[in-house]
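Below, each structure is written out as structure tokens.
Two complexes come next, and they have one chain in common, chain A, joined by chain B in the first and chain C in the second.
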Partner chain A sequence: MFEHFVSFTEMTTHAIFSAFRPPVRIKESFQQLYFVANQSLIIIVFCVCFAAMVTILESSFHMRLVVQNDSMVPGFAAMLILRELGAVVTALLLTSRVGAGIAAEVGLMQTTEQIDALKMLGIDPVQYLVLPRLFACIFGGMILTIVADLVCIYSAMLVSDMYLGFSPAMFISGMRRFVHFKDLIFSVIKGASFGVVIPLVSCHFGFRCKSGAEGVGLATTNSVVTSSIVIIIIDFVLSYLFTHF
Partner chain B sequence: MMGVISDAGKVVIFFFRILGVWKRKSISSQLMFEQIWKVTMQSALTTGMAGFFVGAIMTIQFTMQMKDFGALGYLGGLATSTTIREVGPLLIAFMLAGKVGAFTSAELGTMRVTEQIDAIRCLGADPIQELVLPRFIAIVISSFFLLGLGLLLSIFGGILLGEVFSGVSFEEYLRHIPTIVSLPSILTGLFKCFIFAVVLAVICTYRGYTTTGGAKGVGLAVVKTAVGTMVTIVIADWVTSLLADITLRAVLGT
Partner chain C sequence: MKAEAKVGLLFLGSLILVVGFAYVMGIITPFSNNKSLNVRYNYAGGLEEGSPVRVMGIKVGKVRRIEFEPGFKTKNDEEVKLRVEIDVEKKAWASIRKDSKFFINLAGVIGEKFLEISPGSTNAEEFSSGDSVRGEDPPRIDQLISQSYGLAGKIIELVNKNEGSISNVIAQLDKLTTNFNKTLILLDKTSKNKDMARLLDNAIKISDDVAYLTGNLRSKKAEDTYALVQKLLFRLEPLDGPAIKKFFQEEGVKAKISF
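The block that comes next holds the complex of A and B.
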């Protein structure tokens, strides 16, 4: 546990310092961004859509139970979506898709000694492998969070129009009373912070991967579990911080 | 798109194959209890932590909303009810998909690519009976336990944050839980837990069992398991919510 923490910190500082050293790997970064953002887009939009539908149905159920009418539902649901759901569900999906993918890829490179080969060629593996993924996950996380928020609110609007009897105009005017622009900013900040966690944790477990099929499987599993837990804890801390604004 | 549909079909066929084996053949209870113990112990800490933080987050969010109405008294009931019905099962199941699902598919996948599964078949035993079925049942049972544990700890996290953050004493918090959390809510939560557990167990055993191609294949199988379980869990969440809603309306006649 402690040993993991030390080598994780070492790798992270190394990554940060090597960010200011040439060469800047623009091509790899954008390749990674394509993998993170474009190729995950459909899954994330699809899942987030369903999650938003459930959220608005459940909010309406609770509001009817507590205050006997559900006129506040759009506001409450939109607030919950922007403050929690959009960013967290996106990040957890990214963890399973991108994080596990990175861990498997880097772990495989480690077991097949490609990383040693990189070192032999005088290429810093942290700079070559971690930095483009970090860039891609931070930007991809921000972009995907915005898209997810948008899709969430749109599908919530659709469901409330069809199922709960709010017209879109009522939904938006109800939403405006609770949701402010800063909520969107908070959501994007959350997305970016989760984007920092995913590649660092996955690359850490990838670099420490033991040889053989078992090692790769274990590295992937560990990276998914650790990133998910770290994401939930960071989400808690950020939610706590954002309540003061 | 066709790939997704054909995968879904294969998973369903695999599910019925497991059920068929379960019906026809006996299962070694020792193997099963070993697996249950292993899975539960392995994931108890992670799931408990996840549950605790989910409860805490929900309390913070609801405090923000309820403060404007001066209805902080309802905090306990609302946060608990939302956690039990919706957010708890979903987020804890995500965590389990990462922990239990990925681990099982990695384990079975390693066995497959190192030809241990073929070895079992050579010895005249049925690998589904010996390997997949105990894991399947163990995952369903222990996911159920773990989700329950996560939900309990999420209530605890809510109480703690209610006390510390929003100034609702724990007596006040607990007093409003029974007024809002009704039996149907708890049943909905448990039903969701069960469905998620089955989905998780089928997908991860299927992915592990059908792994091909060395260490790379194992990595790929784990990624596919994690993505597949999460997507299916989200869809199952919506379907169960809808079903529960319709059933409740029919039963209560509202």
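The block that comes next holds the complex of A and C.
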């Protein structure tokens, strides 16, 4: 455990320092961003839509059950979506899709000694592999969080219009009562923070991958599990911090 | 299409979504037709930035900013330390006059605070955008409760100090009530007594007669009579003995009049 922590810190520090050193790999970064953001967009939009629908229906059900009134559901649901759901669901989906992919890719490179080959060629593997993915996940996380948040709100609005009797105008009016623009900014900050976690954890497990299919599988599993746990913990810390603003 | 272009499109799309969200939330108002007013308070009672502003119960704007201005004084030399800047839509602007009142009210299940503007009279002048006006400070419930506690404490203290005399007063009151009750019972019994009933009947009749008499005395006829008597007396006053004698003799009345 401690060994993991030390190695992870080393890699992270190395990544941070190498970010300020040439060469800047713009092309690779954009390719990774395309993989992280564009190719994950459909699945994330699809999943968060349903998550938002469930959230607003459950909120309404519970409000009716407890206070016999669900007039504040649009505001509460929109706030929950913006401050929590949009960013976290997006990050967990990215972990399972992108994080697993990165861990498997880097793990396979490690087992097939491609990383050693990179070192032989004088290429820094952290700068070559980690930095473009880090950049892609940070910006991809931010973009996808924005899209997820607003698609969530839109789908919640549709459901509340069809099943709960709140017209879009009523929904927006209720939302304005509780939601502020800063909530979207907090959500984007969360998205960026989760975006930092996913490539670093995945690359860390990829670099430590043991040989064989079993080793790659284990690295992938560990990276997804660890990333998810770290995301949940960071979410708690950030949510606590944001309650002060 | 290249991967970079697709990424760029997605970035642009997300940027448009953010701008759209900001517009819906009222952060960006490119087609704004609002005017602003500075309402001064010493106590805002939980009003927040973004709280609605209503005129006659209709939402016409919101609180844009709340700022502390410790040194500010109104024209009447009153210190007002809080400036609440509000946006009001142009359609409601004509209803807000210089004699309008600016209250802070409470609405909804969760007690949402809003700024209510009472419409002014048409004779009063309109505001210009950015004008300052003194708002009506809402009642402070905390102060009211604290004053009530103080009052309750004083009452308890008073009761404790004068425990003997208060209990004496209560005992006296109790006695008085008992006596009054007894009197009432006696009266009830008396009214059932036959003689007494007759007496009361007669008293009622006398009272009716007196009422009739006094009624007649106040009538127009009676007033005319008084006037006539007064005139007569006026005419009789200057008459002396011989003149009266002569008058009666002329009228064929024999009378012995001595002075």
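Please note the rule applied: the second predicted complex is superposed on the first by the 245 of 245 C-alpha atoms of A that agree within 3 Å, B and C clash if a C-alpha of one lies under 4 Å from a C-alpha of the other, contacts with A are read in each partner's own complex, and residues count from 1 in each chain.
Note that a contact is a pair of C-beta atoms (placed from the backbone, for glycine too) under 8 Å apart; a residue touches a chain by one contact, two chains touch by 3 or more.
What you see is a predicted model; the values in this text were computed from it and never measured.
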- Put the two structures on top of each other at chain A: do chain B and chain C fit, or clash? fit
- Check the residue A:Phe236 against both partner chains and state whether it touches chain B (first), chain C (second), both, or neither. first
- Item | Greater residue coverage of chain A in the superposed arrangement, chain B or chain C | B
- After the superposition, just quote the angle formed at chain A by chain B and chain C, using C-alpha centres and rounding to the nearest 10°. 90
- Identify the partner contact of A:Met79: answer first if only chain B is touched, second if only chain C is, both if each is, neither if none is. first
- Name the contact category of A:Ile146: first (chain B only), second (chain C only), both, or neither. second
- Message: Output check: A:Ile172 vs chain B and chain C. Expected answer is one of first, second, both, neither. What do you get?
- Response: second
- Task: Report for A:Leu118: first if it touches chain B alone, second if chain C alone, otherwise both or neither.
- Result: neither
- Query: So, does A:Ala19 touch the first partner chain B, the second partner chain C, both, or neither?
  - Reply: neither
- Message: Quick one: is A:Met11 in contact with chain B, with chain C, with both, or with neither? Answer first, second, both or neither.
- Response: neither
- Figure out whether A:Leu41 sits in contact with chain B (first) or chain C (second), or with both, or with neither. second
- Item | chain B and chain C, minimum CA distance [Å, superposed model] | 5
- Do chain B and chain C touch any of the same residues on chain A, and if so, which? 67
- Query: Can you name the residues of chain A that touch chain B in the complex?
  - Reply: 43, 46-47, 50-51, 53-55, 57-58, 61-62, 65-67, 76, 79-80, 83-84, 88-89, 92-93, 95-97, 100-101, 103-105, 107-108, 111-112, 178, 212-218, 220-221, 224-225, 228-229, 232-233, 235-236, 239-240, 243
- Task: Note which residues of chain B are touching chain A in the complex, please.
- Result: 46, 49-50, 53-54, 56-57, 60-61, 63-65, 71, 74, 77-78, 81-82, 85-86, 90-91, 94-95, 97-99, 102-103, 105-107, 109-110, 113-114, 165, 180, 214-223, 226-227, 229-231, 234-235, 237-238, 241-242, 245
- In the complex, the residues of chain A that touch chain C are 30-31, 33-34, 37-38, 41, 67, 69, 71-72, 139, 142-143, 146-147, 150, 172, 176-177, 179-181, 184
- Task: Would you mind writing out the residues of chain C in touch with chain A in their complex?
- Result: 3-4, 6-7, 10-11, 13-14, 17-18, 20-22, 24-27, 50, 109-110, 112
